[in-house]
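Should a chain be cited, it is by its letter among A, B, C and D, assigned in written order, with residues numbered from 1 in that chain.
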Amino acid sequence: MPQGETFYRAVSQVLFISQAYGLLPVSNIRALDIEQIRFKWLTPRVFYSAIIFMLNLIEFGAVLNRVISVGVTFHTSSSLALYIVCMLEHLFFWKLAFNWHSIMRHWYRVEQLFLSVPYRFYDEYNMKRRINIVVGLIMSSALVEHCLLLANSCHLSNLERTQCNINVSYLESIYKWERPHLYNILPYHIWLLPLLEWVNETIAYPRSFTDCFIMCIGIGLAARFHQLHRRIAAVHRKVMPAIFWTEVRHHYLALKRLVRLLDAAVAPLVLLAFGNNMSFICFQLFNSFKNIGVDLIVMLAFWYSLIFAIIRTALTIFVASSINDFERKIITALRDVPAKAWTTEVQRFSEQLGNDMTAISGNGFFYVTRQLVLSMATTIITYELMISDVINQAAIRQRTVYC
Amino acid sequence: MPQGETFYRAVSQVLFISQAYGLLPVSNIRALDIEQIRFKWLTPRVFYSAIIFMLNLIEFGAVLNRVISVGVTFHTSSSLALYIVCMLEHLFFWKLAFNWHSIMRHWYRVEQLFLSVPYRFYDEYNMKRRINIVVGLIMSSALVEHCLLLANSCHLSNLERTQCNINVSYLESIYKWERPHLYNILPYHIWLLPLLEWVNETIAYPRSFTDCFIMCIGIGLAARFHQLHRRIAAVHRKVMPAIFWTEVRHHYLALKRLVRLLDAAVAPLVLLAFGNNMSFICFQLFNSFKNIGVDLIVMLAFWYSLIFAIIRTALTIFVASSINDFERKIITALRDVPAKAWTTEVQRFSEQLGNDMTAISGNGFFYVTRQLVLSMATTIITYELMISDVINQAAIRQRTVYC
Amino acid sequence: MPQGETFYRAVSQVLFISQAYGLLPVSNIRALDIEQIRFKWLTPRVFYSAIIFMLNLIEFGAVLNRVISVGVTFHTSSSLALYIVCMLEHLFFWKLAFNWHSIMRHWYRVEQLFLSVPYRFYDEYNMKRRINIVVGLIMSSALVEHCLLLANSCHLSNLERTQCNINVSYLESIYKWERPHLYNILPYHIWLLPLLEWVNETIAYPRSFTDCFIMCIGIGLAARFHQLHRRIAAVHRKVMPAIFWTEVRHHYLALKRLVRLLDAAVAPLVLLAFGNNMSFICFQLFNSFKNIGVDLIVMLAFWYSLIFAIIRTALTIFVASSINDFERKIITALRDVPAKAWTTEVQRFSEQLGNDMTAISGNGFFYVTRQLVLSMATTIITYELMISDVINQAAIRQRTVYC
Amino acid sequence: MPQGETFYRAVSQVLFISQAYGLLPVSNIRALDIEQIRFKWLTPRVFYSAIIFMLNLIEFGAVLNRVISVGVTFHTSSSLALYIVCMLEHLFFWKLAFNWHSIMRHWYRVEQLFLSVPYRFYDEYNMKRRINIVVGLIMSSALVEHCLLLANSCHLSNLERTQCNINVSYLESIYKWERPHLYNILPYHIWLLPLLEWVNETIAYPRSFTDCFIMCIGIGLAARFHQLHRRIAAVHRKVMPAIFWTEVRHHYLALKRLVRLLDAAVAPLVLLAFGNNMSFICFQLFNSFKNIGVDLIVMLAFWYSLIFAIIRTALTIFVASSINDFERKIITALRDVPAKAWTTEVQRFSEQLGNDMTAISGNGFFYVTRQLVLSMATTIITYELMISDVINQAAIRQRTVYC
């Protein structure tokens, strides 16, 4: 790509990896030609994704079956919620896959403006590298989290086996611990373990990946707002002809249209991701005041998972709100336009920037800006304090008895 | 209607049906000529509505009498609130009936603008069909809810009769269960049942219908904003003469006046409907954590009623907020007006759209926009968590003993 | 005053009556000439107000003395708060008295604009009548409240006397009940009762009067905004010369300056009144769930006092927010200015109206607009639910034992 | 300085004193020449600050060690939080020291505008005196607080010694009481006491000083906004040439740039200070409902500390929000610009003032304006009410038993 990087290329590797977990089954996702990136029925990817979705659905059925027989408790309902969120995320990515071609084509056309001469010089944002760093960081941390939870399971199932003298092998005890809802339906076989572990991963993966995906969209859009800002900043205090401002404003309008298109496309994912992160943090913080056991590995898995969720959510907000930050920088730059160059066009531009909100918004329900961090934090603290009663009643930290 | 549909015609059927329940006793509601739609004293409709209101009043008196003798509890106060809300809704519809003629005439005059040449081509919103679908859907769901609650009553009263060996007939036991406040005053007669069931329905009907009515108003207004937006969208990026924008702005101002008129007219209904829906959802969610019995029919009636209330409220907000959505689309369209066509008129239009809020507002207390969903949800969750103490103390689900 | 009524005349009677309770000791408050309305040291009014303030201070000292010896409880701290609020109100009115002359002179000068030719025709707001009605209504309701509380005291003290066989006369038992903090210091004398009753009234009066005073200010300002709106409405859709709009805008700016001046002057009273009303409603609502006794007179006094506080607060907000309502009407009227008459002056006027907030604000801490009702209601409900625990623990309504 | 005072000179004494506590180790902080004020490695100040930071770090390690062995309780976690906040403040001041030279140079350059002819006449704000008064007031109150807490420690340790008959000297008992985490590691020596007292002070000092520092920044900026406002107020209603408004607007833009620069530089300190103040007030208010002992000195130390924190926080907000207050005054002054002088420049100025928010903001998370007082108060009251349960359970005030 001599002129710079396009978003569909920058994000191709990340999406290719996520296809291994059955998400976004678009054909030729790594193609150089944007016309080849299409959703096609009857391709191996779609087939593969469908199988994974089926397996998840079956497992969800088993969990549901168990919950009905055992009864709805705080713990089982949170486990059900996890499966429902995961399957909704699979569904929303599937829906996105249908429109992926048209979205990418629109994005590509807008990007052509920013890969041509005046903007090409301001292309130091390094979109692809940022995407890779952010996704690499988050997904490897998610892998560590997954391993910790797995080790936790192995450890606890083994404890249960030895303390209660259950006459099963080590691996079978893990199977029983991890899949209590399958244990009575599906007898234990050694070859079940890798398969179920894979299903497990396809369930755990989307939770972190949805945040990554929102960040990728945020970085891709911010790269263009960055270029726009740099172009305006480059003519700081210079008297530019009216045609310059008309052009800049038209490019800005094209970007706004792109933001609106993407906002509508990823809105269900944004709502799901933020809702899920917020409820997960609330739930884990609440658990942190209760008995979480005194084993080191249990503690480690628990706190790692909680802190990772907090950092991931904060990072998602910061990255996604950078669009808004660049827009505010553009407003500031416009204030310095000299009086001579202050035409109706600049005034319209300035007025529009002042009145309209440019941010990923979950379809208008809330805006992902920097202030969101504070309001989410306040809400979480408020909710924690509200359930502090239960905390007071169960504050004694005790060693869990497994049988 | 060759030029398109007018609101008073589109909504006539819906209002005609609701008159059967004693609401909005306006004469000739289905008349083709708007001058005939008038509130007249000494007509059968007014007489009929007055009788229904009297019957409700008498029943309310009986309930009040019983509450005073039994004492104010959580349950009796919620039953009182239901009657008060219902009677206020009857009263507010009555008050609306007085002004219905002048409101409809004003609306009709504004609509003439949108049924003439330039707008006629953009009349694909299909107001009447939307109104019929929405009202049909909600009111038939409300009917199902009513039947479930009735079946629930029959079931529970029968359980009580058989478990406690009360020596009354099946129908009398229903009468006693449903009308404990009348049982001691009015001896049981078989012909009382249909009459009381009818009174029951006139009490239950307004609760769902008020939401429907707000949605009808919302659809009626949105249809015109839609046409205005389509007209502006049709000249997208074209250089239009100043007279075009002056005309469009005047039509917009006429619509704004209409929105203000209707907002003032339906404000008490909006405040009552949202207040009632919110408190009902809070109350039922709170009950959901408590003992609600384990009978299938009780469970079904309870959850259906709760989920229906949530969906109905959300739908009301979405439909009513579509006015606001169209206005935001018009703002976006104005951003693309070319520099040559950017006159003072367009600037005034743009400025007004940016500064003023166009939405049904309950007389300025709150604005029915998309964000309302999130803030209502947050408030409901907060209130639920606050009363979680009581939940913890009464979390055991037990079989109700009826005697 | 042939041209209409001025505020200092309209409010003179109300302030004259309040001077009987020691508030706002300004000389010649009912003078026709504004130059005579001045604060003067060494006048009987100042002397009288100082004596009343001293008596309150002494009584507060006695209460404080008793609280220290008895210990700080929920009840005694609320009694202390009442005295502190009352004395702060006396102090703030005293401070206002110093500046009363300059405030009234500024107001008078602004009012001259609105009593001359163009506005004189639109003077149908009837400021004086509104002030008298509002104040009359509130203060007579406050009198009823005071009588009820007094009757309540007589009733309860008598109950205590008879039930516990305390050997004191009827009047002495009232003295003991009403002034437990004085009973041990000051022996009972028959002539003490009227004096203490008068002190009692000077303590109770400012609580309701502060709300009335804010409403008077609100009505006085709204009268002028009303005239401004009527003048603009009178030229609706007419093409007016630029000089007309310049004049109207200058009059608006004069009104804004007046609003700012008054906002700064009454800010402490506004903050105190709203804070006090809100905490009083919260406190009484909280008490309503607890044992309030089953005597009719106790119930009546309690509920009358609570409902009166709610209605008074709501009325204060509605009256004070009418300034804001008129401003919004002026914005709406400006939208209809024809394109020909749309000059820079009208644009400036429109922009200013759109951006600036005109409302009584408690010095910028919060704005008294219509939305305040909703946010106060939400806060009160939230606070009530938070302390619902205590309610659950003490929900049993029992007959109070007096000894 | 013949033309007036510069910020770096006005604040030099305050910063020089704070260097004694190891904060902001910049060389030549009191230099007349701004080029000499630089951060230099290998100077005594840096060395001294590093030693103090090391000592704090060691003490924190000891506390952490004790907390791990004793277990995390409500009390130990609050003690840990104190150390973490203090060390973060040391770190943030250190980071600020690196950039201090460039910040001060930028500020100095902006100040040159306001020390030259037109503004020099409006320089009655007296920045230096205000800084000295505010800092003097707060820091001497902080000293009183520190002494009270020390006296409290002496008193309590002595009580423990005498009541429990522990065989240690008076001074050793103080050492044991104040440093339980060091007592077992480091044997008692008489010369340890002054050293540890000094470390104690370097830990306590930054908590109050951070608020002072924010106030100094606020006063320094407000002084310039004040001059700008005075210059505009001086030409009130006069027709000024366009060049005047262009110049004023440019100076305003320069001030805005300065505010942004400082906001970014002190953002971590602002977030830390407000978060720490708010949690401290919540925590102490919560303690106030619990047993705080009945000794006079304990009560005095507790209430002084709480009231001082509330006043200090409120004062910080008031002083820091004065920037915003002056900006609002400038907007008001612009409304009175006569129609003849209303050029595009004034309009741009007015529009910018209306749309942009000028305030210290903690990097965009929240804005330090007057309304912050109300929202902080509401949040604190809400949080207090939420934990009112615990209060009810432990409301009995009892004499602490020390062994």
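Here, a contact is a pair of C-beta atoms (placed from the backbone, for glycine too) under 8 Å apart; a residue touches a chain by one contact, two chains touch by 3 or more.
In this text the structure is predicted, and so the values were computed from the model without any measurement.
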Next on the checklist: Give me the step distance from chain A to chain C, shortest route via touching chains only.
Outcome noted: 2
Checklist entry - Between copies chain C and chain D, are the contact residues mostly the same numbers or mostly different, with half as the line? => result different
Checklist outcome for this item: Overlaying chain B on chain C by their Cα positions calls for a rotation, in degrees to the nearest 5, of 90
Checklist outcome for this item: Averaging C-alpha coordinates per chain, one finds the centres of chain A and chain B separated by a number of Å equal to 38
Checklist entry - Using CA atom averages as chain centres, what separation in Å is found between chain B and chain D? => result 53
Next on the checklist: Going by the contact rule already set, what residues in chain C reach two or more other chains?
Outcome noted: 351, 382, 386, 389
Checklist entry - Hey, which residues of chain A end up touching chain B in the complex? => result 242, 246, 253, 256, 260, 344-345, 348, 351-352, 355-356, 363-366, 379, 382-383, 386-387, 389-390, 393
Checklist outcome for this item: Listed in rising order, chain C residues that touch chain B in their complex are 325, 331-332, 335-336, 339, 342, 347, 350-351, 354, 370-371, 373-374, 378, 381-382, 385-386, 388-389, 392
